[in-house]
Structures are given as C-alpha cells and as structure tokens.
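Pasting the structures in now, so scroll down.
Next, two complexes with chain A in common: one pairs it with chain B, the other with chain C.
Up next, the complex of A and B:
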C-alpha cells in the first residue's frame, strides 16, 4: 500500500476513493461553480447596469423616433439611414484624420522625448516635471488658452510671427489650418502621456541585450531599431490603442477651439453626436449614431486585444 | 384614566387625518412659501438679478435659490427638468428661440391673465411687437427679461477723421467700412461670421434684402435671388473685417470692437453693459450707436431673454410674485440700474434720468416696432446649425452662394418635413 504522498503504482487506475486517498481533502478544495458565480454576481450586475442595459436601451431607442421632447414609436432602421446620409461621412473622415494624427504625431514625439529623458542628463527631473504639465490641465482650459493664442488678430502666435517678419496665419478661420490647429493642440496636451508611458517602458527594459549589442558593435540606431523598439512594442501598442480611442472620443478641445467649424471642417463623430442629441434634441438619432460609433470602434478593440495577447 | 388617554389619542389621530385630507395642491398653493428656486443663465441680467435678490428676500421673507448653467447646457437642463415634472424650478430664464420648444409641450404657464390683471406689471407699457415677444400659439409663456434688437455701433473718432456719416442703408454701411479699411486707420467693420452663431447675423441680412426662410406656404425659400444677394453681401463684409472675424462669435466680435481698432459693428443692444464698461472697453468715450441700416425692408432682428414659470412648479403664485417684482414696471428699472440688459418698456425710454445713463433706451421700443424675433420653431436649433454650416461654406470659399443656398434649401425641406 502506497502512502498518501507516494504516486500510485503504474497501471493502477485512480478511482474517486483512491484519489481521495492519494490527495486528502485540504482547505483548497475546489469550489462548486455556483459559489464562483455568487462571488462574481455583484460585478456582473454592476457591469450590466452601467454598460449592457444602457447599450441595449440605446439600441432599442435607435429604432424609434423619440426626441428629448416626446416619446416615440418604432420606426425600424430609419435613423440609421438618416445618419448615414447626413453629416456622418465627413465627420468619420475627420475623426480618422485626428486618430491618424494622434498616432503619427504624438507617438514618435512622445517616444523621442522619453528616449531623451531616459538618458538621465542634468536637469532631467525638472524637464520631466515641466513636460508633464499639459497633461495635468483640463481639456476645456487647454482649449480656451489655445483659442486665445491662435487668434489671428490678437493671438500671441501670430504676434510673434509678425515680429519675426512672418505673415500671421488664420489658424481657426481656414478650413485646413483649423484641422491642423486641433491636431497640434491635442498633441500638445497628450504627448506627455505618450512620453510618460514610453519612459516607464524604457526604464523597465533589461540592460543585457543592449550591452550585448554594444559589445557586438551595433550602432545606436541599430540598437534602437532592432532591440529597443521590438522590446517596447507591447507598451507602444497599448499607447497607440489608448490614443486612438481617446482621439475618436475627442470633444472638449474641438468644442472650445472651433465648435466644429469653419463649416464642418473639424466636426468629428463625437461633436456630431453631441449636436444631434443635445442641440437638436433628437435622442433616437443620437442613439443610432452612438451605436454606429461603437461599431466603428470594434476593429480598434480587436486590434488592442491582439496586441495584449502578444 | 387609561380610558381618557385612549380618547385623547383617538382625537389626535382624527385631527391629524382631517388636516392631511385638507392638504390638497390648492391648499399647498396658499400655504406660506418660504423659498423659491430660479434658473438663470450667465449674462449681465443674471448678475443683476443676483444683486437684487437679497432685497426681495428682505421684503418678502422668501429665500431665492439661484441655479445656473452655461447657455449651451441651460435649455437641455430645463427640458429634462420639465419632463420629470418634479417642480425643480419655480422661475426660469430662457432664450427666445426656445419659446416654441417649451410652448409645444406646455412646459410653461400661460401668464396672459396674470399679466393683464397686474397694474404692477403694466402690460400696456410695451409696444405691440414686445407684447407678442413671448407669445406662442396665443399663450403668453415668456415675459421680456431683456430687449436686445440689433444696433449699429461705430467709432465716432474714426468717423470724424474720415468725414463719414452714420449709414442708413446697407450700401452705405459697406462703403463706410471700405473707406475705413482703405484708410489704414482701422478694420472696416466686424460681425460674427463663425457657425453656428453666424446664422443670426445672416438672417438679419436675409430679411433686410427681402428674403425669408420659407415662403407663405411654409416651403423653404433660401435659394431666391434675395437670399443669394444677402449672402454675397455678407461675404463682401468679410473683406473689410479683421482677419479673425471668420472664427468670431458674437462675444468675439464685440471683443474685437472694444479692444482693437475696428470702425463699426452690428450687434445686439444687450452688449451695451460690456461695450460701455471702461474696465473692458478701450474706446468708451468714442463709441456711438444708432438704429441699423435698412435694405429692401426695415426689419430689425429682435432678441432678448424671456422669463417664465414652469407648469410643474408647485409654487406658482409665489413664483409670479417674484417675476412681477423682477420685471414689473419698477423692477425693470432696478434691473437696469443693477447692470442688467434693458427691458424695452416705453416708460423707461421716456425716463430722462434713466436715459441719461443709458442713452440707447429710446432706440429699443423704436427698433422693436420693426422687430422680428428669430423663428419660433421647435426645429430652430437644427435649422440654425444648418444655416451656419452652409453660410460658412460660402465664407470659406468651399462653395458659391447659389450652390450652398440650394443645399440649404434641401436641408430645410428635410428638417421641416420631419
């Protein structure tokens, strides 16, 4: 007879009784499924209350013609047709522009700043604190401040340009420059976030691969491109995903800076949704637009999931 | 002893039950009210009301709680409150374009009878256009809390230097602006060109040039020759404006006029406290004003705050008492003296003491006589937004007037056809 701690003899079939004999009951006994479900229930209920139920209600509302003034009736997919034949496509286009800009402007600059700060030069602490300041401001304050600075007649930016003999630009009054202005202001506020996460990522990288590369005669650029970047990819992936999602949601800065203008030059999906829901009081149509925005976001979440899995 | 106590208890229960039965809504109305809640929107008028409320509390013993929200959120908050019917607000300040939205849902009390019966309010003190200003479908649901027609504002010093005369037609207005611009002394003029507020200024030109949003049958008519001429004129003004005017709303345009060198401006009379405030305005001593120039018509756009009593207020009598105190014949003067925008009462325009400090007062009833308020339509916010976008397309060179107004006509047909 084997002791409880010795493995069973080869060929011996483990019955329930023998298994119990081999592994006597301990405090870590496996809990039945119902116990797990009981523990998880409050969390699931909370998620259902704040996410699933509102989403389901929005989906249902999007099929009616309810406004902020009166309850509606079922009209099928009429709101979706209205949304997709209205200002949706230009707003989607400008949303994509802001998202691409968030990735291709903010991430390289944020990473470059992080690389500089990671070298622990003199004054790094001070620079790091100063560079983080924009991130601490509320988007509304940032929008108001830049609105004043970008004013074509009274703004400091054109003022300095004029002093240097450069003609001032109509930052908020020209359709293209208004888009550029929003991109710049959003970048100004969010590059510190990219920098902070990239810096944390850089500081957590092991030194050994870089030292080995150095011994093998790799240049700085080769070390950066073939070692640092691949090792940093998971962090950068998360940063890119967060910035894409945040840029799709971008609202405050645009609202304060340009109100979506001139015309609809800077009106993204968030601003359009706000207008439809709160200015025009068309709640059902806003719900339809909200559902469409969720659908637009699905590939982004899928991409994020893939990055996380890696 | 025990029996007596039982009898006393039973009697007490009976009395309590009888009192509870009597406490119907009517009884609540007559019950003494010790507090009211007023919803205000940030403006000189709000500041003035806040200054005056302690005096009201002193006179009546009623405490008034002020709730406020920025303009962009105020009406949504009010609507949600009206929909919940909890009586959260007893008095509300609202902008006139929301008259239709509130009137359509019977969200506000019809004050016709109260106003006509009140000598303190003096309904006859208003010209007919102002008596009608808060009327929706024959119900008076909003009283005048301010009267703000468009006025013409100009720099007297620049006009004197260039020998210009106050314009009486839109052609003269542009020519003056051009002369000022060409002189290099200042920018020619300023108005709001950015959407969505540009719709209000554009509408003034549309009306002046003989156009309208819809024809007599209610069919959209913004692609007419009059509308195109108005839009082209509006764009022409951009060439004699400061560079940032294209992204300016009403506040920005006024700010440019009072802090920079700009020869003339069309804006609402409600900006008077700002324009004439030496702390904010660089040119107080040099600013003149007059009625706006005329085109094919002499229509003047009339705006201004309204004040009303929500239908779900549980203290309507007390709320009326407060409204009467604030915007009655005497209250209107106090409001003006406390820094609020003026209410266009005929008696105030004739009050020499008031006119001495507020010389523009006589212009208000005069302008209101030809006054036309913004369209009282439930869909106005969406219409206004669409006008703003299409007009901005013309201003920024994205589209020609004819094309853009054709698109606007289609937009209006879609919105009005909902």
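Up next, the complex of A and C:
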C-alpha cells in the first residue's frame, strides 16, 4: 500500500479487498453483516430511485408507442428498428470521433505540460493555478465564451484573422469546422485535468530508475520513452479511461455551441437522444435509443471495471 | 544550454497560460463593452469606456435572482446528501471487505459513472411528471446526489482505507459503541477527505446542466440553464450573455483558486496513492 505506484483509485475498491485479506476474517466479521449493510442503505436508496427504477421503466417504455403528448400501448420492437435505421449510426460515429479526438489531442498535450511543470521552474505554483482554471469553469459558460469568440461575423478569432489578412472561417456553420470547434473547446476545458493527473503521477515516481538510466548514459528521450512512460502507465490508463467516458457523455458544450448542427454534423448519441425525447417528444423511441446506448457502452463499462480492478 | 532549456520551459508555460486565460479575459471584457465596441472590427482588446449596463440587465432579471437562489440551495443540499451517503457507503464497503453484494454495488456505480445522463433523464422525466415532482428543487437535489455518488464513494474509499482498523478496535475495547466509534474516531480522521469530496461534488453539482434542463422549467431553473438560455433565443443578446457567463464563472474561479490545494489533493488522490 505504501509503494508509490499502487493502483489508481477508482481502483481503490480493489485495495479494499486486498486489505480484507490482510486482516484475519474472524476479526473483520466481529460486526454482523447487517450492520455494514445499513451503511450502504442511503446509497442504494438513491441509486434505486434515480437509476435502477428509471432504467427498468425505460426498457418497458421502449416497447410501446408513447409520446410526450399521449400515453401509448404495447407495440413490440418497432422503436428499435426505427432507431437503428435512423440517425443512430452517424451519431455513434461522431461520438467515436469526439472520443478519439479527446484522447489523442488532450492526453499528449496534457502530459507535455505536466512534464514541463514537473521541471519545477520558478513560478510553477502560479503556472499550475492558472492552467487549471478552464477545468473548473461551468461547461455551459465555457460553451458561451467560445460561441462568442468563434462567431463568424463578430467573433474575435475571425477578427484577428482578418487583421492579419487571413480570411475568416465559418467555425460553427461548416460541417467539418463545427466538429473541429467542438473538439477544440472540449480540449481547452479538459487538457488541465489530464495535466493535473499526469503531474501527480510524475511526482509520485521514484527517482532511482531515472538516475540509474542517466548514469548509464540514456538520453532524455530514451528515459522518457522507456522509463517514465511505462512507470506512468497506470495513471495514464485512468486518465484515458476518464476522458473516454466523459467525451462519450459530452452534451453541454455541443448543446451550447451547435445544438448538434449544422444539420446533424455534431449530433452525438447524447444530443440525438435529447432531440428524440424532448424536441420530437417521441418518448418511447428515446427510451429505445437509451437502451441501445446502454448495450453499445458495454465494452466501456467492462473496461472501466478492468481499470478499477487493475 | 541549460538557460536555454529553462527559457523554453517558461515560454511553453506562458503560452499555455495565455491560451487558458484569454477566453475568460475576452468574456469579461465583452461584458463590460458598450454595444458599439462589442461589434467593432477589428476587435479591441481593451475597453476604453466601461459600461455596467449588461450586468444591470442580468441582475435586474427576477428569473436570474431565482435561478441563483435555487442553484445555491440545491448545491448545498445535494452535496451534503451525496457526500454523506458516499462516505457511509465507502465505510461500509471498506470494513466489510468483499462480502455480500459488493460486486453489484460496484457495477451500478460504474453504470452511473459511464452512462450519458440523458439515458436516465428520459424515463426520469416521465416518473417525475407522473409524481407531480417536475420543476421541483427537491427532485434536483436527489437526482444530482445519485449522479455524483460514484465520485463520492470512490474518493471516500481511499480516505477510509487510511484509517487503521486497530484504532476502531481500541475504541471499542474502551467501551465505545458503533456510533461513538464513527463520531469520535472515524469522523476526525476522514475530515480532510470529506472536505475534498465536498468541494469536488459541489463543483460538479453547481455545473450540472442536462438534468435541470430536462427536469425543471421556471420554478427550479438553475444558473447553468438560465445562462444557457441566452443562445437558444432567436436573437442573441451578446453583451448580456457575456455578463451572465462572467457571473457564472468568476465566483467559481475565485472560490476554487482559494481551495485549490484541497481540490488538487482530492482529484489527484483519485488516481495516485502515496
């Protein structure tokens, strides 16, 4: 437990198990199980009311033809075929794009910044405080800030481009650029998180292997690639996992920036489900889509479980 | 060579700081600009004539005042609920080891953590409307608490594991009951953990957007939904929007900078164990 690289903490749950082994079972069972179960009661009540019951209801609703305006009757699997022949696949595709972009843009930049911060130059504390700011801001406000700046006619980004003689771009109105804009804003807000966790990981690394490598004449690049990165893998695994999950859930920023548009260019699964349920008011179809999303995400749940148990 | 390296390090960090700060600076600046300055091309990076009109407009809106009050109440109550339920669950999990139903509990936590909120929001909307609890701050308090529960449990688990079981046993030998052990032994030891968890959960609660967007209308409208409302209207009032965004970000920015040490410790302890 005191080694600097014990598993990451969503993974702590697991260290609990290993701790259980460290204590003789007789000692641990001195308190009856029922006492311990009561500790979990408030949590279970919350979970049942907000997650379990609604999901079960969702499964039931998905088999009917209910809308927000009228109650429905049982129709079978029609909603599922409707969803799977509709906008589902493009939405799944763009969800994947945002996820990959989140990992491949945010992790390298965040890690690089953490490496520089880890050099402990003068003023590192101040740099770190400033660099953390974006991740602390309300995502909705972040969306508004960037909408202000990315506006094609009045935004400062095109304004500066024009000053320098570059023609401005239609950031939120062009299908490709809208995707780029969402990726950019998501990165702006979340690189600090990657940086923070990477920095904590770097600071927890033992010095000895790096010193040994430098004595043996390894270049900085070799040390980084063959020592730092492998030692940092558990932390990076957690970071990547969190970023994948959060980017799949991405909603606020897209809702504010583009509302899924132009057309359906930035409509990920969350946005699509929102649109079906609350813009088109097709409750049953939204429920079916929700169930499909649960199924599609099974690999993600599984991965998260693996990371927890690591 | 060494000096050059140092210089390049500073250069990278300064550039990154500018990238992090500029959007915030620009938003606050825009909120202080007059209508004409706001749309000036080329853009002006300093404001010669400050106007408070945009703020006056937002602050005079009764809907804004209500949203602010609702958000504060909901954040306080929901954070307390999530942190308490999470801390108790973490304690139960750690002390029980792996007996009885923990796999299910862990599985549900992962589900809540990884599932897009909209998937739960669709059936929740129906339930809440049927129960007559639509547009009710109490509903938001409970729903947010459940959504933030995984974080609270995971963060607290680490802190609870830091308490030696022997201490609790010693207290019991001295005649303390279970409540006494919790209050006099466990609570003081996990206080820093509770602080970190509270700050983190409060931040997430304050920022929540999708749930109030779906489950609330006028009575329980929260600040993020109010602020977000500026872009959905047909004609965007950019000045007021910048003012509303500034009001939403500046207090949080100041507050979180003040408690950054706690926040950083809480977040990092999530990934690394010293």
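In the analysis below, the second predicted complex is superposed on the first by the 256 of 310 C-alpha atoms of A that agree within 3 Å, B and C clash if a C-alpha of one lies under 4 Å from a C-alpha of the other, contacts with A are read in each partner's own complex, and residues count from 1 in each chain.
The rule is simple: contacts are C-beta pairs under 8 Å (C-beta built on N, C-alpha and C of every residue); 3 or more make two chains touch, one makes a residue touch a chain.
A quick note: this is a predicted structure, and the numbers were derived from the prediction, not measured.
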Taking the superposition on A as described, I'd like to know which of chain B and chain C A:154 touches: first, second, both or neither. both
With the two complexes superposed on chain A, say which partner A:168 touches: chain B (first), chain C (second), both, or neither. first
Quick check on the superposed pair: does A:245 touch chain B, chain C, both, or neither? Answer first, second, both or neither. second
Answer with first, second, both or neither: which of chain B and chain C does A:78 touch in the superposed model? neither
Answer with first, second, both or neither: which of chain B and chain C does A:140 touch in the superposed model? second
Just chain B (first), just chain C (second), both, or neither: which does A:113 touch? second
With the two complexes superposed on chain A, say which partner A:58 touches: chain B (first), chain C (second), both, or neither. second
Given the touch rule stated above, what does A:90 touch, chain B (first), chain C (second), both, or neither? neither
After superposition on the shared chain, which partner residues are touched by A:293: those of chain B (first), chain C (second), both, or neither? second
Between chain C and chain B, which one touches more residues of chain A when both complexes sit on the common chain A? C
Of all the chain A residues, which ones make contact with chain B and with chain C? 154, 259, 278
Sort out for me which residues of chain C touch chain A in the complex. 6, 9-10, 12-13, 16-17, 19-21, 23-24, 26-27, 30, 38-39, 41-43, 81, 84-86, 88-89, 91-102, 105-108, 110-127, 142-143, 145-147, 149, 153-155, 157-158, 161, 165, 169, 178, 203, 206-207, 209-210, 213-214, 223-225, 227-228, 230-232, 238, 241-242, 244-245, 248-249, 252-253, 256-257, 260, 263-264, 267-274
In the complex of these two chains, what residues of chain A are touching chain C? 1, 4, 6-10, 12-13, 15-17, 19-20, 23, 25, 27-28, 31, 33, 35-40, 42-44, 46-47, 49-55, 57-58, 61, 112-113, 116-117, 119, 121, 123, 127, 129-134, 136-149, 154, 156, 159-160, 162-163, 188, 192-193, 196-197, 199-201, 204, 235, 238-239, 245, 248-249, 251-252, 255-256, 259, 269-270, 273-274, 277-278, 283, 286-287, 290, 293-294, 297, 300-301, 304-305, 308
For the complex, give me every residue of chain A touching chain B. 68-70, 151-155, 168, 170, 172-175, 178, 258-265, 275, 278-282
In the complex, the residues of chain B that touch chain A are 76, 79-80, 83, 101, 104-105, 194-196, 242-247, 249, 256, 259-260, 378-379, 381-382, 385, 388-390, 392-393, 395-396, 398
